[in-house]
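Below are two complexes that have subunit A in common, paired first with subunit B and then with subunit C.
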Partner chain A sequence: MNRRFLIGLLLVWSLGPLLWQVYTSFCSDQALIQPFVSHDQRWTLIHYQNVLNANPPFWRYLVNSLIVGVSSTFLCLLLALPAAYALNRIPRQLSTLSRLALVGAALFPYVLLFLALLELARALNLGNQLLALSLPYAALSQPLAILLLNNAFNDLPPELEDAAKLEGLSLFQRFRWILIPLISPATASTAILVFLFSWNEYPIALTWISDSSKLTLPVAMARIAGSSIYSVPYGAYAAATVLGSIPLVLLVLIFQKPIVSGLTSGAVKG
Partner chain B sequence: MTLQIQNLGRHVGQQWIVRHLNLHVDNGECVALVGPSGCGKSSTLRLIAGLDQASEGEIILNRKNVSHVSAAQRAVGMVFQSYALLPHLSVFANLELGLRVRGVRASDRQQRIQAMLELVQLQDRANVLPAKLSGGQRQRVALARALLRDPDVYLLDEPMSNLDAQLREELRPELRRLVLDRQKPVIHVTHDQHEAMAIADRIAVLHSGRIQQVASPTELYHHPETLFIAKFIGRPQINCLRPKDGVVTAVRPESLFFAKEGLPCKIMSREWLGSSQLLYLDSPEGSLRLSCSTSVDIPELLIVSWHRSDEHYFDAESGRRL
Partner chain C sequence: MIVLLLLPALLLLLVVFVVPLFRYAWLSFHADSVITGLIAIPNGGANWLRLFQDQRYWQDLGQTLRFAGVSVGLELILALCIALLLDQRWRGRDVVRTLALIPWALPTTVMALGWRWIFNTPYGPVDHFTKIAGIGSLNILGDPNFAWIATVWADVWKTTPFAALILLAGLQTIPADLYEALLLEGGNALICLRRITLPLLRPYILLALLFRIAQSFGVFDLIQVLTGGGPASTTESIALYAYWNALRFLDFGYSSTIIMASFVLISLICVIAWIVLQVLIPSHPKSRGVI
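And then the complex of A and B:
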């Protein structure tokens, strides 16, 4: 089959729903249910105005999600980087066992933990605190982050660290000057994955946060979708989706190169 | 300054990587460690550098036992096979890192690095990343880094193995000028025996983690202590005749000559080596190699012989020289 046709099909498959959301967000409610509406009545910014002027305004949820995403990513990398490094330095049998355990943890459906986490939040009084959400998010992202970063550490020639040891660099200095800069592509791709997870996470955010000014994006969007029992506000929901996607699209576009090189590191020996 | 290694050994699990290693390297002396792959050459260097912990034995540097001193405090300058230059830092930054960590002032750092770059003739490459340098230039940066440390001992781990044969030959005098003339003990690991013979004052042959013989290149070539050394040192390889009464007789290819009486042979193949030629022969004593000048006419009826004084005798079982 023609290669271009296949690429086109793939683009429609992956970008079609997104473009449909963008289209819907700019369409008036009338245009959504009537196909033949005049040009003047079809296009509108009303959905964006409604979403941004709501109480609390939509940008508040964006900021909330940003706070949770950044803090979760930071906390996760802070713990995963030394753990991934240590995984290469411990005895081989222990390292293999740890890797197996990490793969198991990464594959574990986290929704099953959700009741236990809720109990924890209640016991430790972590409810309705945005930064507290980063604790379960960072913890749940740990296994995948450690495995990805461990791969990156594996790919580094050991002589680089040996040479640095002979130069007198301490473990922290080696981390700061050599290891972190050299695995930055893998760190960037891991950071994006952790950020995406915390940006999209729904069940924990739904149960830990009830204060409407502290909601994260997925919970806020679910509230928009279910705001009326008589109708589904397609336009407002689409506008919220578009606004919620912009930070992610920007993030991926900015860090496209390190993400791709980080995800494929170790696939082919250079 | 002297380096003394006494009964050094390291094992991983049940397997000894290096064992019963004894070596003395004097001030200004270069000892080459040679041996087949996996014989423990690089492991020995890592033990001396402090990058790996010895399971037994002592390393004495300037009459001080440094066996339990960390790598950073051993005053060892090491050049790695892969050069181990940090790819994200410029040549200048690569050289500066160690000085900065050791607390050298910024103005001093600048001065010392400039002087070192002039010494290794790379003053115009200071701000270039290692990836933009040629193999020879990278090697010189790695040497410069080791020299800046002003160490008590230099350890060179196959520093020329990534270079082509011509460049290796060109860089030998450079290595001599930069490192070997510094009046410090030098241990040079190489798998290239020509390089070892050209550079080293003495050569230590390692086999299965143990030193088989330490001697000058001439001594090693003419009086190998084991059959393994006789086979390992010298190219083309020494001829080993069929064992008789538990004794292996070995003769160097250049000691063989055409004669009227001796072993009748048949030519199997011939290699043209420029100034000399190498003949692969089939004889009643097994296959032989004969090296002779290209000007020599090869007779039709091929009979080869050698002087008894050129024969080496080894015990067929232990391989020891008799």
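And then the complex of A and C:
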């Protein structure tokens, strides 16, 4: 069949719904209700003004998600890097077994953990604190992160570290000056995947955060959906959707390579 | 020293993955709700007995299985087609590959809201289309016959890129000379697909399949925002029901029971899917294990 047609179909399928949101977000309420009638004032920026001037303003959620995303990524890597390294230094059977357990944990639908995690948040008084969210996020992305980084350590030639040992470098020095720089591509892939997960995570943020100025983007979007302050609120919804999508679209466009290599190397050797 | 490096990650994993399992198992044999003042009181197997008699639970289980089965099936077929397309050489392929990944990267709740507008009656584009096509207004999100299809549709849109990427990674490991040899022997594209592509892709299909089955069985974000489980809880999933029980009815004991049952079911389904896949797709001498 015609390849061009199929490619076009794929693009329409992938981007159509998003482009429809862009279109909707610039339409006035009147034009949304009667799409085929010509209006004098078809195009408007009012929805963006409404969303950006709401209380709290929309950019607040973007900042919140950014804070959570960055802190989770940092914490996750801090714990996963040493663990991924150590996984190669324990008895072979034990490490195979741990890798299998990690695959199981990575496949697991973490949504079901929400109740136990909510109890944990209550017991430790972690509710309504943005930075506290990085604890469950770092933990939930740990399996994937350890597997990806462990693959990267595996690919390094063992002679390299032996030579460094002979030079008298301590474990920390080897880590800092030799191992970490060498696996930096895998670390970058892992970091972006963890960031994406933390930015997009919904059920835990939903149950841990209730203060409206501390909501992350996904929870704020769901909350916008639940309220109906506007007569036909979809213009505002669409504006929020577009604003909420822009950072991620940019992220994918810029970091396409590490994202793809992270996902696929996880699949190939995971 | 090595233990010290492993310990922090291990501790965190235990707290987040293992402790909850034991906590759920324990809670599922306790009454823990507003009635007991949120204090856990042993109640024998009362929660489990209630689960087996709970019509809404069985209805939700059926709906969740329908959702997971249909959407994972569609996803894998679509993903294979997309992966085959993206595996060929053509100009602009890398750009298309990046753009096709965008649905996967967006937060589920963000696009669930988008889909709610697209399926909106009477102002959404789908409704306009059906009216123009002469089918009339379908009231998609308000009709139990269509609402679940809308949830499947939105899920397939969102998660197919991920499966396609995994399969694409698998396709790129297949050496081209295998195909050439078979074509020389008089094979056609269909025979190639059956004798080379699918068998060598099997480990990747397995990975995508297990991951997607587990995730779609736990579907939550999408349904909560797109339909809220409605109309008349005909799109409600198990995870959403467990969530209502915990946060709306404040019945932690029963919610834990639902979650515990889901653990068991998901593990079972994954094992069955594994076996079915081994039977369906023939093995290939050059195929290797992924997991």
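Just so it is clear, the second predicted complex is superposed on the first by the 248 of 270 C-alpha atoms of A that agree within 3 Å, B and C clash if a C-alpha of one lies under 4 Å from a C-alpha of the other, contacts with A are read in each partner's own complex, and residues count from 1 in each chain.
Keep this in mind: a residue touches a chain if its C-beta (ideal position, glycine included) is under 8 Å from a C-beta of that chain, and two chains touch if they have at least 3 such contacts.
Keep in mind the model is a prediction, meaning the values are calculated, not measured.
*Asks:* Looking at the overlay on subunit A, is there a clash between subunit B and subunit C, or do the two fit?
*Replies:* Once subunit A is superposed (C-alpha atoms), there is room for both subunit B and subunit C without a clash.
*Asks:* Output check: A:25 vs subunit B and subunit C. Expected answer is one of first, second, both, neither. What do you get?
*Replies:* In the superposed model, A:25 contacts neither subunit B nor subunit C.
*Asks:* Please tell me which partner, subunit B or subunit C, touches more residues of subunit A.
*Replies:* After superposition, C is the partner touching more of subunit A.
*Asks:* Return first, second, both or neither, reflecting whether A:141 touches subunit B, subunit C, both chains, or no partner chain.
*Replies:* neither
*Asks:* Using the touch definition from the top, say if A:177 reaches subunit B (first), subunit C (second), both or neither.
*Replies:* Once the two structures are laid over each other on A, A:177 reaches subunit B alone.
*Asks:* If we overlay the two complexes on their shared chain A, which of subunit B and subunit C does A:64 touch? Say first, second, both or neither.
*Replies:* In the superposition, A:64 contacts neither subunit B nor subunit C.
*Asks:* Is A:7 touching the first partner subunit B, the second partner subunit C, both, or neither of them?
*Replies:* Only subunit C; A:7 stays clear of subunit B.
*Asks:* Return first, second, both or neither, reflecting whether A:169 touches subunit B, subunit C, both chains, or no partner chain.
*Replies:* The answer is first: A:169 touches subunit B but not subunit C.
*Asks:* After superposing the two complexes, find the smallest distance in angstrom between C-alpha atoms of subunit B and C-alpha atoms of subunit C.
*Replies:* Shortest inter-chain C-alpha distance (subunit B to subunit C): 15 Å.
*Asks:* Residue overlap on subunit A between the subunit B contact set and the subunit C contact set?
*Replies:* Touching subunit B in the first complex and subunit C in the second, no residue of subunit A appears in both lists.
*Asks:* Give the list of subunit B residues in touch with subunit A in this complex.
*Replies:* Residues of subunit B touching subunit A: 46, 49-51, 71-74, 76-78, 80-82, 84, 86-88, 97-98, 101-102, 145, 149.
*Asks:* Where on subunit A does subunit B make contact in their complex?
*Replies:* Within the complex, subunit A touches subunit B at residues 157, 159-160, 162-169, 173, 177-178, 181-182.
*Asks:* Under the touch definition given earlier, write down the residues of subunit C that touch subunit A in their complex.
*Replies:* These residues of subunit C touch subunit A: 1-3, 5-6, 8-10, 12-13, 15-17, 19-20, 23-24, 82, 85, 88, 90, 94, 96-103, 105-118, 120, 123, 125, 128, 157, 161-162, 165-166, 168-170, 173, 204, 207-208, 210-211, 214-215, 217-221, 224-225, 239, 242-243, 246-247, 252, 255-256, 259, 262-263, 266, 270, 290-291.
*Asks:* With touch defined as at the start, can you tell me which subunit A residues reach subunit C in the complex?
*Replies:* 3, 6-7, 10-11, 13-15, 17-18, 20-21, 24, 32-33, 35-36, 79-80, 82-83, 85-87, 89-90, 100, 103, 105-120, 135-136, 138-140, 142-143, 146, 171, 196, 199-200, 202-203, 207, 217-219, 221-222, 224-225, 232, 234, 237-238, 240-241, 244-245, 248-249, 251-253, 256, 259-260, 263-264, 267-270
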